[in-house]
């Protein structure tokens, strides 16, 4: 709790159970967000991430626990008195107001004079490159444009924390990429702390300073994108973040050491904490392919036969059958032309890149 | 009705079937209605004149359906056939309106020869003078009545003049009914017009003034017989112009001490006459009218409604009307010769449209 | 697939510019001409004739309008009528808005029951409810008894009944359900995210209401206001019952011109003036109620139930809210309670004090042939009206939506004109038209007259549903090899069935309770409300109370059963999903 004093936002021991629900929506959630940080909450639908966001915004109240902002308890402060703004998943643009009026709305509520609020709103629209659309009505805009207006409305007052609820969910890939770049540069420019809720691990990893992965109302892992990606704390995180092979292994004493066995074959170098059945996660892109019989060196190696190949543009996903298991390897398209179904190959990976979970 | 959730779950189809059956059951009496050979006799009549049971009885005996349509005012009586909304065979029209109905072609000359029961009509009723339009008899009486001044006998002694309606004491407690044809002659009588059916401009001015001063006295205006009873019974009015003395007798039945008096200026009196339309100029219709004037039918009508009917006192007694009922009608009084002098039988007014305009302005409060 | 395409000339689903007169469009034109254009032209034409000795002279003239121009009583009554209806509709909206807000956005459970409870009183004859008001407001009525009994008044006041107040009160009473339904639908559609977005932007509850909720619900308030205004503006029966002599309204003058005065041209001229004034008022209301922008998406996403602990003050506030919410219901049900009470009262006079309990009015029901005939006729009329209107409205909705009618927008609006005509005028208009077509009075006329205003209502409901439908549905169906007819039967009809049933229920309600239009068309065959109206003027029997008590109890039971069925279907559906 020592960090609380520097944090712009802190959640302490939040519990929340809805009426009639069997499981809690949020279960002992604690986290802090530093000023100017890009903080993501990543999780599948139903994991409680939107509830958490609404808790920060003030639309929900925790059963237990406190929400602190700048060290001040704001748990019982209504949403309109919190220095927090939200970009809604549905954008929630007021349909009866023009784009400019929508953006000026928070300023109007704050009691700003008309000339001032209109000029500020224009500036803000320019910031999200929507300056030319000020007079339009929301229903005359495309999804991406609405998204940017909603963003402008949320930042026009320069809140200290901006909450974004899956803001890019409804956009197509190209727009999404554009918006990702825009969000990151905007966040740097404004210095506002962003709390970004998403179920898309790509978005979370690419933009965030830190990521909290949520599952069933709890934080499964909290760390930098790198930590989350390369050092998943649980099987759930491994599976949800990135694309991993999950292989059932057996940990048994072999030649005096505790060794991992896959289908009876020894995987040298894979460290296993205790004996018994376990699962090993290895990311697609950490798996290399070579001709059968190729020297493996330090790496673990398994023989198999190519079953099918998916063409993804910049990479190929090659599904290799190794006895009872399938292992997928992502290989660059360049140089991967030779992998055809039926071809025998050798699958290799560094034992250091594999993570083993017991359970 | 109890339903056990989970066990009782009618499918939509079953519900639809049930509804279909219900509709069929409801519609069945309409389809299976007894068919009569002749076109039905449609009556435009007043409440209490033709009890559905009596009509059914007659229909069964004569093989022709009788459909009584009850109307609430002379206004409706005229508009319904004129607009074609109802095409009646027989209408019950008060004497003053007969010329108008004749001019509009709603009634045709009446063939008195086909109605021998005319002989049953009391000689006291000088009806021939009023049913003669342009030298032809157009209707025969079915009922007559006075429209006196009625009052709550607990609240006042019997007033002898229409001017009681203007008495400041009864402000807000005076009731009249919404019928220009019948109310206007009373107003004319109250201002002392020589001929209440041929008003001069001076008479009109006096009537307007009288209506203007009458308006603050009036809070309620009865839309019909029953409406009037309800208003008086609820204590919303203490005195007023009486549409039909059945209002008074009905109030007495409910234990309310109401009475009526015949003011000295004269009391408007109506004679409701049976007129036939072109469509109704059929023998079977005349048979119906004739039966309506039989002693038996009339006595039953008087007994049930305490109306005057058209019978003489002796005939009424012979027909079986009880003493108690007779006492409530004008029949015993009407035996006296001077009784008729206090009555003013309704006639055709000089300019109906002008009267109506004044009446409407009176109601609107802009007179 | 090719043979299907050649069998049936297919238009793409949304090509609204279909420049060829399609056969499907003809019924729309026919309906418009027969039930809207010709009748109204007849009325307008009549107003330019004049009378001589009580007969219409076919001689164009402005005489009637000149007379109106000079008549101060006409102008006074017109203004009074418009002002009373306007005031009642405004008060009705003021009362209905908080109610609707509470029902649509505060209450979480049993919302449909709350809405139905507002609608049920509409199934009890309006006349009966108005009649009951006399017993509440009169000299010996409940209100006066309570006030005198509690010592607030020394003696019964005359101020409550047979005054302008009582007319305004009953008009307000009539207005509330219509305002409520319209406003409720409008409020329910506002996405919850917008309200959160406003709070998030720093707006307090009041500011959120002022800047977001109110502007978005304004159009539905305008619709509710207009409906209520229309319900009362042509009604002269209600004010004549509770208003005493001050209850004289313009409708009565119109009726008297078509009746006793027998001056049709003058009556037609007044009717035209009333129609135009009402049109102007409605246009102004709609103009004032418009809101820019388009509300996209039809879901009013519900917030998860808030379950935070309440402080005692908040609990008190919530209890207070519930009490306030219940008050208008009391207002709506008070007359019905009186009616039920009177159905057990052992006296033929409908006045206080009561004179003992009896069941004889119920016993007499079975023997009252004319009333049973009227009930039966009402049901038959209602059924036929709903059938005719339902078939026509469904057909027209498809013709309009799938571009089989030229100028669809115009026709959609034009078909709805009878809805915007005051009842008394519409009744006269339909008399003129049916008279011209030589349709005899009775059930046939009533059905035509009522269908003229029931059909547009159903059309609006079905069209609204059709427009929300995924445009690809029809294409998907035809892509699967179904022709137009098969697509209609298997895909489109099931998806709009809810709207058709809802429209039919509403249509039946409108038909069953109509007095003003039917009064002119019924002739010798009165429907139940007309029969009741006649009863009230002469020879009222409390059996009328009994039958409407039974109707009320019946509707309540039906609703409970339906609710049960729907609940059952839902749980079953959920079970299958799980």
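As written, the chain order gives the labels A, B and C, with residue 1 at the start of each chain.
The definition used in the following text is that a residue touches a chain if its C-beta (ideal position, glycine included) is under 8 Å from a C-beta of that chain, and two chains touch if they have at least 3 such contacts.
Because the structure is a prediction, the values reported are computed rather than measured.
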Looking only at C-beta pairs that count as contacts, which pair of chains has more of them, A-C or B-C?
B-C
Going by C-alpha centroids, which chain is farthest from chain C? Tell me that one.
A
Averaging over Cα atoms per chain, report the distance between chain A and chain B in Å.
87
Per the C-alpha means, the centres of chain A and chain C lie apart by a whole-Å value of 53
Could you put a whole-Å number on the gap between the CA centroids of chain B and chain C?
35
Residue positions on chain B within touch of chain C in the complex are 1, 3, 5-6, 9-10, 15, 23, 26-27, 29-30, 42, 46-48, 52, 67, 69-70, 72-76, 78-80, 82-87, 100, 103-104, 172, 178, 180-181, 215, 218-221, 223-227, 229-230, 233-236, 254, 352-353, 356, 360-361, 363-367
Along chain A, where are the residues that touch chain C in the complex?
18-19, 57-61, 63, 78-81, 84-86, 88-90, 92-98, 105-106, 108-110, 137-139, 153-154, 157
For the chain C and chain B complex, residues of the former touching the latter:
53-55, 72-73, 76-77, 80, 134-135, 138-141, 158, 161-163, 240-241, 244-246, 248, 252-253, 256, 258-263, 347-352, 369-370, 376, 379-380, 383, 431, 435, 440-441, 520-524, 534-540, 557, 561, 564-565, 568, 571-572
Counting only contacts in the complex, chain C reaches chain A at residues 191, 193-194, 196-204, 207-208, 211-212, 215-216, 291-297, 303-308
